[in-house]
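Both complexes shown next keep subunit A, but they swap its partner, so subunit B is in the first and subunit C is in the second.
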Partner chain A sequence: MPEILASVLDGLLIGLVYGLAAIGLTLIFGVMDVVNLAHGAVIALGMFTVYLLYKAGIHPYIGLLPVAVIGFLFGVLIYLIAVKRILDGPPLMTLLATFAVSMIITGAGTAIWSTSPYNINFPVTTLNILGYTVTSARLIAAIAAVLVTVFLYIFLYRTTLGKAVRAVANNREAAELMGIPSQQILAVSFGIGTALAMLSGALIATLFPFTILSGGIYELKSFVASVLGGLGNPTGALFGGIILGLIEGSVAPFIEVSWTNVIEFVIFVLILLFFPTGLFGGRR
Partner chain B sequence: MKLLRQPYFWLIVAFTALFAALPFWNQNITLRETLVLSAIYIILATNLNLMIGYTGYVNFGSIVFFGLGGYFTLWLISEHGWGLYPAVLFAGAVTSILAFLLGLGILRLRGAYFALATIGINEAVKDFVANFEAWGGSEGIFLPFTAFRAMGGPAKALWTVYLLIVLVMGLSLLLSYVVKRSKFGLGLFAIREDEDAAIVLGVQAPLYKSIAYSLSAFLPAVAGGLYFFKNGSVVPEEAFNLHLSIESIVMVMLGGQGTVTGPAVGAFLYERLRGILLTLPSLSNFHLVIAGVLLLLIILFAPGGLMGWLYRVWPGLRRGLE
Partner chain C sequence: MKRIWLLAMLFAAFAWAESGTITIGFTVSKTGKYNVESVNQLHGIELWQKWINDQGGIPVGGKKYKVALKYYDDESKSDRVQQLYSRLISQDKVDFLISPYSSGLTAKAAIISEQYGKVMVATGAASDSIFKLGYQNVYQIYTPASRYLTGTIDMIRAADANLKKLAIVYEDSKFAKAVATAAKGYAKEKGFEVVLFEGYPSGTTDFGPIINKIKASGAEALVGGGHYADGATFARQLYEQQAPLKLVALLVAPASDEFAELGDAAVGVVAPSQWEPLVKYKPTCGPTPAEFTEMYQKAYGKVPAYRAAGGFAAGLVLQRAMMDAGSIDPAKVRKALDAMDITIFFGRIKFSADPATHGLQLGHEMVQIQWQKKDGKLTKQIVWPLDAKTADLIYPAR
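Our next item is the complex of A and B:
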């Protein structure tokens, strides 16, 4: 029994990190109706950015700050190059465009780093919480994910820029009539979504070995989490991530790891079919 | 037969015949292997176009049909001693029926939701097969050498399979053409333009979409059976390679979605391009980047692809070249 609880606790902690990645995805969808298929590639990029910073002598947790800044700028860049021009076209086009971005990142990453695994070795201690042992890295990753989420909420609800983001998400034309420069807001939103993805990638990199292709798994987990929570709903996405982590944690002692993906995708398709607006209600 | 009087029908026949005849010229095996890949790409792109181009639904996981076809075929041959012909037809039929049933469910989803579900399905099937012991798990299925004996030895069997793959390619083009010219095809185009309006006008959208999905599964599944039979083995990573799914989308967009000629031309050009990139040592690592840039440029600046551009330059082409 204790092993199961320990595994569930592990699942909860990692679930918060999945939640962070899912918020990035769901934010972009909520604001501009774009499903960002470059999400996984960006997550992988976050892993490698923190790795490179670490190699340059910056502690991974301090490295999170530059990762967030780089992520934001990179997201704005993606928006300006690949998304802006076709935002008002058929949804198919933005799907394909963000996918093209994903191919470019993954392809370049494969050429530079090959597909062999990397990891960040830094001293990790184990902690004892209520009789269960967790590694400090996991705990810190989960806390960091929660902190970033709190900051995001403060930004969205307490600052003018954040309110503008919500206004554009709600109704772009109306927001424009109110004098909100919607193009800039859209670019900012894409930047924030990308920064969140890179941050979650950086946090995952402190926990597990990774390759340039690892992003794909976490992209799918982000989809599952955000669909669970209702696409476009950040709080839902966080809870979706936690649910996903709990499911993983609670089945881990009983079945082989390779089956967890099958279970997750089945849940994913079932949720899409029967609760298309998610368990917590979508944006509308 | 009205079909026999259409010049375009004869164009398809001539193109297929040329494909079939080329490597026989001097028994050129290298050329045959290149053309086999082109033909597979043309099959995948042409059938995918039924969904993307005609119906307006992006299927990111179209490769799942190809992989399932390969698995069913090899399993029937190696475990149950079936011949190649019944095995591929059965594989095609089963995959098509599965697609129809699946389609009734997931095609209720629109736009992005549908696209996400198709990625999920491909990954789920891949992981399922990788864990499914009856199909060899992650080791896959290997054909016993004796399987080729019934076809007159491996060397002869490979030529036969080549002709069959080219035949499937011809049938794919034909299917694409017939659907486009039919009332059914018109319904699909109506769904693409505005699904709600189409429903109001009496198009049975759910059924039409499912049939389109199921149709787009049959020939790729048969092709998958033939292709993996030719390889002699099938493993999950190769059968459900999401990259190939995506590359098929690039091919469709490159040639021009919604046309019959476009996806085939796009597939052929893409195969050539990929071949060139892979042989240049400085660029071989970057073929995914180049494909991505290509896709992005098409989407941003020429969403009609090659055919869209041709139609603009010579509007008269629209009538002859579908």
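Our next item is the complex of A and C:
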């Protein structure tokens, strides 16, 4: 029994990080109806950014701050160059544009770093919580994911800019009529979404080795978590991530780990069968 | 004057006839998950090429053939391997083949070499199954998977007669699965209870769920692993999550020098190795282990890993077969390989000539290494077999 609890605890902690990645994806979709296919590539970029900062002597946890700033600026850049002009075109256009961004990042990354695995080797301590062994890195990654989510909520619900983001997400035309500069808000939203993706990548990089292609699997998990939680709903995405992590953790003791993905997606399909708009409903 | 010209021309023609070039083709995983291992192997092959060309080439039937290499990046992908080996044979017209790194990729390359009837020396591939398909052109340098962990299990038994519970956790790859399955049977024969026998997907980065299972199974020792990236991560997380194991033996990863980067997580970890620089083989052909190590260090600035040695050995075996055959005719070279029984710096090399297991390595044996800390420095020691050891096994390792 304690072994199962250990697996569940591991799943919960990693699920929070999945959740953070999913919030980045769902925020962009919620605000501007863009399915960001560059999400995985951006996650991988977050991994490499924190790695390079670490190589430059910055502790990975302190490195999270510059990663967030770089992520935000990079997101704004992607928006201005690749998304802005085609935002009102057919949905396929933004899909292809973000896919192109993904290919550019992955291609450049492969050329620079090859596809070999990289590792952030910083000392990790082990904690004993009620008899379960948890590494400090996992615990800190989960706490960081929660903190970032809390800040995001304070931003969205307590600041004027955050309220403007929500207004644009609700009804862009009405928001514009109220004098909200929607173009700036959209750029900010894309920036935040990208920053969240890069942050989650940076946190994952403190736990596991990674390659420039590692983003793919987390992009998939983000999609699943977002859909589980209801597309466009950031809280839902966080819980979607937690559910995903819990499924991974709790099925592992009973089946061969190679089957985890199968079970995960079967449960995903089942949930959608009964909750077509996700467990927590669509946007807000 | 005319006579001198004639003489010069005659001499030039003679020199032309006296030398030729043999082109050897293969693919290298310059990118992808086999990157570290495969590039090591390439370095070994390139060192052999330089070594033999510095001696004027391979002496075959009175002529000397220079060696040229032709290779492409297979990206660690099997579909690329199939395309590229076809290309090597039909477009680049190479004379002989060396395999890519890993059993999975070699299995694909073997299909092509067999289709075209090209002799291929397989290094970096320890799977048995490739050699049970009746192929007539593929020859294995490594100790096959079925004998990969048997020495490790003997060693654990010798160190602790009371140890019962063994976990076998392996990468779901052709090679690791074959090794693990053979090890399971052998462990049972030796009186172990295999409490956990499970694969993990290639590319796994989170070993948390598996480590929890290992803890739950009550295993006292663990053998398994797969290739470099997963093995290094596995070892690191086993250490971080304080799995209570008396001994951890993993395939491939700990045998690399890069494994030392794990620091304390590397201490005590055991690995079967195809070859180590300290081995004391007395070769009947080619350089001694010490000479090879020195050459490699001079060329690449570091101690060769066994995959590099395997690369050099593949070239050396091909060279020896051509010399024995006195010809570069594929049929004659094949015959020489079938009859070969030599000791080189890499160990004994003898191939199965039995049609059912043709090309399977019969002569070569594994050594066991353990990472030990001496004066605060991590070093790789040979701990098994006992007559080859450079240090005693530290047991329990943690």
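Note that in this section the second predicted complex is superposed on the first by the 271 of 284 C-alpha atoms of A that agree within 3 Å, B and C clash if a C-alpha of one lies under 4 Å from a C-alpha of the other, contacts with A are read in each partner's own complex, and residues count from 1 in each chain.
Please note the rule applied: a residue touches a chain if its C-beta (ideal position, glycine included) is under 8 Å from a C-beta of that chain, and two chains touch if they have at least 3 such contacts.
The structure displayed is predicted, hence computed values, not measured ones.
Chemist: State whether subunit B and subunit C clash or fit side by side on subunit A once the two structures are superposed.
Modeler: Superposition check on subunit A shows subunit B and subunit C fit without a clash.
Chemist: Considering only the touch criterion stated at the top, classify A:110 as touching first (subunit B), second (subunit C), both, or neither.
Modeler: In the superposed model, A:110 contacts both subunit B and subunit C.
Chemist: Decide which partner touches more residues of subunit A, taking subunit B and subunit C as the two options.
Modeler: B
Chemist: Tell me the contact category for A:102 with respect to subunit B and subunit C: first, second, both or neither.
Modeler: So A:102 only meets subunit B here.
Chemist: Which of the two partners, first being subunit B and second being subunit C, lies in contact with A:208: first, second, both, or neither?
Modeler: In the superposed model, A:208 contacts subunit C only, not subunit B.
Chemist: Tell me the contact category for A:10 with respect to subunit B and subunit C: first, second, both or neither.
Modeler: In the superposition, A:10 touches subunit C alone.
Chemist: Name the contact category of A:121: first (subunit B only), second (subunit C only), both, or neither.
Modeler: After superposing on A, A:121 lies in contact with subunit C but is clear of subunit B.
Chemist: Return first, second, both or neither, reflecting whether A:258 touches subunit B, subunit C, both chains, or no partner chain.
Modeler: So A:258 meets both subunit B and subunit C here.
Chemist: One more residue to check, A:151. First (subunit B), second (subunit C), both or neither?
Modeler: In the superposition, A:151 touches no partner, neither subunit B nor subunit C.
Chemist: After the superposition on A, what does A:266 contact: first (subunit B), second (subunit C), both or neither?
Modeler: It touches subunit B, and subunit C stays clear.
Chemist: Of the two partner chains, subunit B (first) and subunit C (second), which one does A:249 touch, if any: first, second, both, or neither?
Modeler: Touch partner of A:249: subunit C, not subunit B.
Chemist: After the superposition, pull out the minimum Cα separation from subunit B to subunit C in whole angstrom, please.
Modeler: Superposition on chain A places subunit B and subunit C at a least C-alpha distance of 6 Å.
Chemist: Across the two complexes, find the residues of subunit A that touch subunit B and also touch subunit C.
Modeler: 110, 256, 258, 261
Chemist: Flag every residue of subunit B that touches subunit A in the complex, lowest number first.
Modeler: That would be residues 52, 56, 58, 60, 105-106, 108-109, 111-113, 115-117, 119-121, 123-124, 127-128, 130-131, 242, 246, 249, 253, 285-293, 295-296, 299-300, 303 of subunit B.
Chemist: Could you list, by residue number, the parts of subunit C that touch subunit A in their complex?
Modeler: 30-33, 35-36, 75, 172, 198-201, 204-206, 208-210, 212-213, 215-216, 229, 232-233, 240-242, 261-263
Chemist: Going by the contact rule set out above, which residues of subunit A touch subunit C in the complex?
Modeler: 3, 6-7, 10-11, 14, 110, 114-117, 119, 121, 124, 126, 133, 135, 137-138, 207-210, 214, 248-249, 252-253, 256-258, 260-261
Chemist: Which residues of subunit A touch subunit B once you look at their complex with the stated criterion?
Modeler: 29, 33, 35, 81-82, 85-86, 89-93, 95-97, 99-104, 106-108, 110-111, 216, 220, 223-224, 227, 231, 256, 258-259, 261-262, 265-266, 268-269, 272-273, 276
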